[in-house]
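Below: a set of structures, written as structure tokens.
One chain, chain A, links the two complexes that follow: it is found with chain B in the first and with chain C in the second.
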Partner chain A sequence: MDKDELVEYFRTQVRQDPEVPSAVAAIRTLLEFLKRDQSETILGLRENLTQTIRRLEEADSSVAVSSGGELFLRFISLTSLEHRDLSQCKKVMVERGELFLKKISLSRSKVAKLCHTFIKDGAKILTHSSSRVVLKVLESAAADKKRFTVYVTESQPDSAGRQMADKLQNLNIPVTVVLDAAVGYIMEKVDLVIVGAEGVVESGGIINKIGTYQLAVCSKAHNKPFYVVAESFKFVRLYPLNQQDVPERFKYKADTLKAVEDLAEEHPMIDYTPPSLITLIFTDLGVLTPSAVSDELIKLYL
Partner chain B sequence: MADCGEPDGPGNKDDIARSKNEGKELTKEEKQRLRKQKKQQKKHKERKNEKGPSETEKDETPVSLLPPPPPVATQKAPSALPAPASAPIPVPASAPFHSSPAPSPADKPAKSKAELKAERRARQETDRAAKQPGSSSSGIKTKVPLSELNPVVKRLPEHVQVDDPAVVKRLAKKLERQQIPLRSDYGYKVSLFSHLHQYSRKAPLTQLLSIPSTVIHPSIVRLGLQYSQGIVAGSNARSVALLHAFKQVIRDYTTPPNEELSRDLVNKLKPYISFLNQCRPLSASMGNAIKYIKKEISNIPSQCKEEEAKTKLLKCIDRYIEEKIVLAAKAISKYAIEKISDGDVILVYGCSSLVNHILCEAFEKSRKFRVIVVDSRPRLEGREALRRLVQRGISCTYVLISALSYILPEVSKVFLGAHALLANGYVMSRVGTSQIALVARTFNVPVLVCCETYKFCERVQTDSFVSNELDDPDDLMVTRKGKTQLENWQDVSSLGLLNLVYDVTPPDFVDLVITDLGMIPCTSVPVVLRVKNLDQ
Partner chain C sequence: MPGADKETDLTERIEAFLADLKRGGSGTGPLRGSGEMARETTYLLRRITAQARWSSAGDLMEIIRNEGRRMTAAQPSETTVGNMVRRVLKIIREEYARSRGSSEETEQQESLHKLLTAGELSEENFRQHFVHLKANVIEAINELLTELDGTTDNIAMQALEHIHSNEVIMTVGRSRTVEAFLKDAARKRKFHVIVAECAPFCQGHEMATGLSKVGIETTVIADAAIFAVMSRVNKVIIGTQTVLANGGLRAVNGTHSVALAARHHSTPLIICAPMFKLSPQVFTTIFYPFPGSFSYCLPVLREILSKVNVHCPVFDYVPPELITLFISNIGGNAPSYIYRLMSELYHPEDHKL
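After this line comes the complex of A and B, so read on.
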């Protein structure tokens, strides 16, 4: 399976099912690649997989693709230790891969189930940009006959917030779109802040659409709880110390990275929110405090 | 720790007096007899414990009976001194926390009695609890049945309590038995720290009494002197020196007839450790190293020949040094170099061998950065760090800690070394470190602590008072222009000089800990400890 086929497959996945998280699409692509792979040795298989992941990252530079790829790779390495014969190994890998995919496609509903109990009747919620997980959470809260209003930030430069507002209106949830600059103004009115995440880093902080960090700082200043909802496959082995420390390949869209020479002129698409500003992180592994994220990662990777 | 101040049983006193007069080691038979006597007295005491809450009036044995860590600050693991057991047994692999041996076979019939006793005690406890809500069940009472029911319970190290005369007496007795001189404290101690030892460098332990070489190996005496005079300083240096001295001890060791190497050698090491503790309190890294050695020694199979066993042990020690210190430093530099970018201004404090290593490695890999070395009196260790860095060609600035807030706006990162990492995420390091972390936090400068995993300690501490080290107060005197201002500080009754060695930094001030296992947040230390213990 060569490079363009791969990327095409990945893009088709995303197009066919707009609800699917990009990490899941990446893992599906990798699984497909695994099925079609012709290598003779496990080392060769790993090599090919690593290269594939790199190509996928070039196609879609989000953190989620990177974390999904790494998770898959690690999961493969564990399986390869158990069986001697390559073909049997591959069969087991494919089986487990399917199982894994099935499990993580349920993760969004698990998160929603955990989180919607934190939304009380009459609550005013502030959210940022467009996140499918947050949408699921609000959906299940609405299904639970709770009454709440939502404020969504517009989230420039791609106005993703407006799409979120449309989706929420379709669910008959009262929603208002606010400017990114109006976050400080609106903070005193809201009761809680819920955001999604593109990646959850080792320190317990999150990487999300640009504007999340100032949202977090404002909510801390007003003492409002700041909740993050993320599936567990978004945990990534990065440890940024500050905004500068986030690797360049995540900050900008893949096309920008390829096209533009001097990235100092470009506007970053994501920012890093440190764990001290986050109250709780809701994942399919449970409700975690930011310091517990590292424990989970250690359990997973060490 | 609650039962203190018991008078000595009459039989014990004679034994000890006799051995002191003879000036040689207690013979094996005498030691065994002593142990048996103590065991019986302990059981006698426990039976009495059940009947009445008061403990101090009874004729009880010195509490050096109970699994007795010396009442000095032992960051050393609880496994160190299993005195009640008459002979240590190779540790079962399923007890990862303790190299402490399980009770010997002689205790087995006693254990079933102990189980019955425990049941009886439990019943009495519930009765008593029903009668008096909220009283009794002092720590020691619940600890005693617990330690009998579950011999693998984790013994927490006792704290130093120099201002408690009973505890000091206990320590003195223990040292007498091991024939090690007791070092006396020097000078007036500030009241908050009066529970810690304060020794003078002018009165090293070796001057007080002559130590027969049959009791303490000469290389250990030399090591102790080097520690107490400050010639060997820094936790890595101290641990490596300790391990090398132990290697020499093992090389010179011969198994006495009718003894097994795995048991006798461990017993031989106990007086050495007490001696070193008297010279300078053991560090967490040394404690972990000792725990490892004891475990390795007790794991030697009994059919192993002596030469073979000795070479095996020497190899183990070499491997420990290689893995936990040398290779760990390499792994840590690898992670740390990722965090150093070009144009960085890095602040370091004092002299940490690990941080110096990282900076030199980063410089080799052609990272462009400059270093600010912060130093403090009285040790002025920063000068050594400065010398090493400048020798490599790294551009450095040198300030004293009082200029910290002046220099911090220029700084992009702070790298700190650690003496130990505690189980609740607190970082124990040279005094002044927590100050640097605090000021760096207010300036929003990331603070990175570099620490090998062998320095992780299972203690929990939230302040710098409970367990610390007091250095020689005379170091604070400074002579300028021929005048020493504090020369006669002892004559001023209300004046105390405080020379602290360590302080404790809360995890909120630390952004990242770099260990050989990877980069972890400060709060994940207990998880690493758990994972490590599962591996062992």
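After this line comes the complex of A and C, so read on.
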């Protein structure tokens, strides 16, 4: 499969279904690549896959695509350990891949089911930017006949918060857009903070739209619970200790990375929130404390 | 017909247990300790397994789940009942898996690893019938009962590692576990204990009497004096009613204040709690009022009593950041490790009965 065909397939997936998480679209693309791949050995297959993943990351530089890709590679390794013969192996891989995709398409609903019980009647919720998982959670809570109000940060530079506000208004949930700078101001009014995540790192911290760290620090200062909702395929094997440790390739959009010479002039699109500021992480594997995340990753990779 | 007799006997016992639970909550029945509650529940569950009519593991689990739901509905604040039901459900699942011959590594825990390597969409419906399942389950429940019997001793055995000579220990109210813990240490070490009386029932007084009977130097203080005395205290050792899934506690009212005072003075806060108190719930703001009315403790206000609302919550929530160590019958653990212990004790599908 040609590299451009690949990227085109990925982009089509995202276009056809705007609700699909980018990691899932990436895994679908990789599975398609696997079906069409002609390599004779498992090593050759792995190499091709690694190159493909790199190509996908060039097209869409978010953490989710990277974590989806690594998960798929791990999936290949685990399956290839069981079956020595390549053709047999490939058949099993394709089967399991389809099954895996089916399971993770249900992740968002599982997360929503877990989290909406934490939203009490009359709660005031603060969220950041636009997250489809958070939207699903709020949708379930509203369907459960709970009354609550939502504050969304505008989230510059792309004003994603406004899109979130529109979607929430369509669900008849009272919503107010606040400036990014007004987070400290509004924090005393809110009862809890719920954010999504682009990636959940090994320490239990998260990588999310820029401004999340600020939100977390403020909520800690006011003693408000800070909940993160993320599907399990977003777990990534990074261990940043501070903002500088997050790799450059995630911080900026793919086009920026290709076009611009001096990245120091650009504004980063994401930041890192350390686990000490997070109360609980809701995933399709259950309600986890940040320390449980590394446990999950160890179970998978070791 | 002997079968029918057994059935009615069983239903009678279950009804008696439920009535007992309800009464315990309204303050008219005997106030039972959670250890006793756990034992009673397990006896009842063993009886249900032995006497109820079931043909497959799925049926048994359905019966136990229904009874469990009724029991927790009768007395929601008594979480040990629900915990024991969940333990027994996990036992049934394990015995079923063992009878089927599938290795215990096909853990039913959700994990990323399992998501990736699962062969088929495993729809485990527990419908297969096994001859020895009943005997195995009853044996496993008996093991659970032995474990329950030994919890206080197991915790008390660890006392010498934590209490040193000439230390000042603070405790709150009355906890049988902490009492046994301190008494065990007193056999070899000499130390002081300060007991906060824990109004309005002042159970701290009984605790102090019990401790001084074995020769421990005890002082009783009023709840308001906790912060003032905290600077002289080396360790705070308390019991709790429930340990929540995030490592927090639901303990007797006043414990949060003690925890904050201890944090302020950087005094370690140690919780002695057996494993059956570990509950898969996470902190919710349900407010359990004290049983009984409060007119007796407000004699001055008798004239205006009709116009006064007295709120007296029974339990407090203590967040995990304030806790240093949990000592349980399986050893000492940090609060951040509680989620792991929980996944060993209960199956995720049983978290909600």
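We take it that the second predicted complex is superposed on the first by the 302 of 302 C-alpha atoms of A that agree within 3 Å, B and C clash if a C-alpha of one lies under 4 Å from a C-alpha of the other, contacts with A are read in each partner's own complex, and residues count from 1 in each chain.
Everything below uses one rule, namely that contacts are C-beta pairs under 8 Å (C-beta built on N, C-alpha and C of every residue); 3 or more make two chains touch, one makes a residue touch a chain.
Quick caveat, the model's predicted, so the values are computed rather than measured.
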### Task
Look at the residues of chain A and decide whether chain B or chain C touches more of them.
C
### Query
Once the shared chain is lined up, is A:F75 touching chain B (first), chain C (second), both, or neither of them?
second
### Task
Have a look at where A:N242 lands relative to chain B and chain C in the superposition and call it first, second, both or neither.
first
### Message
So in the superposed three-chain picture, is A:T12 touching just chain B, just chain C, both, or none of them (first/second/both/neither)?
### Response
neither
### First, second, both or neither for A:Q88, with chain B first and chain C second
neither
### Task
For A:D295, decide between first (touching chain B), second (touching chain C), both and neither.
both
### Query
Once the shared chain is lined up, is A:L99 touching chain B (first), chain C (second), both, or neither of them?
second
### Query
In the superposed arrangement, which partner chain does A:T50 touch: chain B (first), chain C (second), both, or neither?
neither
### Query
Who does A:E202 touch here: chain B (first), chain C (second), both, or neither?
first
### Message
Using the superposition on chain A as set up above, list the residues of chain A that contact both chain B and chain C.
### Response
291, 295, 299
### Message
Can you tell me which positions in chain C touch chain A when the two form their complex?
### Response
110-113, 115-121, 245-247, 282, 285, 320, 336-337, 339-340, 348
### Partner chain C, residues of chain A touching it in the complex
71, 74-75, 78-79, 96, 99-100, 102-104, 118, 120, 232-233, 235, 279-280, 284-289, 291-292, 295-297, 299-300
### Task
State the interface residues of chain A toward chain B in the complex, per the touch definition above.
202-204, 239, 241-242, 244-245, 275-276, 291, 294-295, 298-299, 302
### Message
Applying the document's contact rule, which stretches of chain B touch chain A when the two form their complex?
### Response
339, 341, 413, 446, 448, 508, 511-512, 517-521, 523-524, 527-528, 531
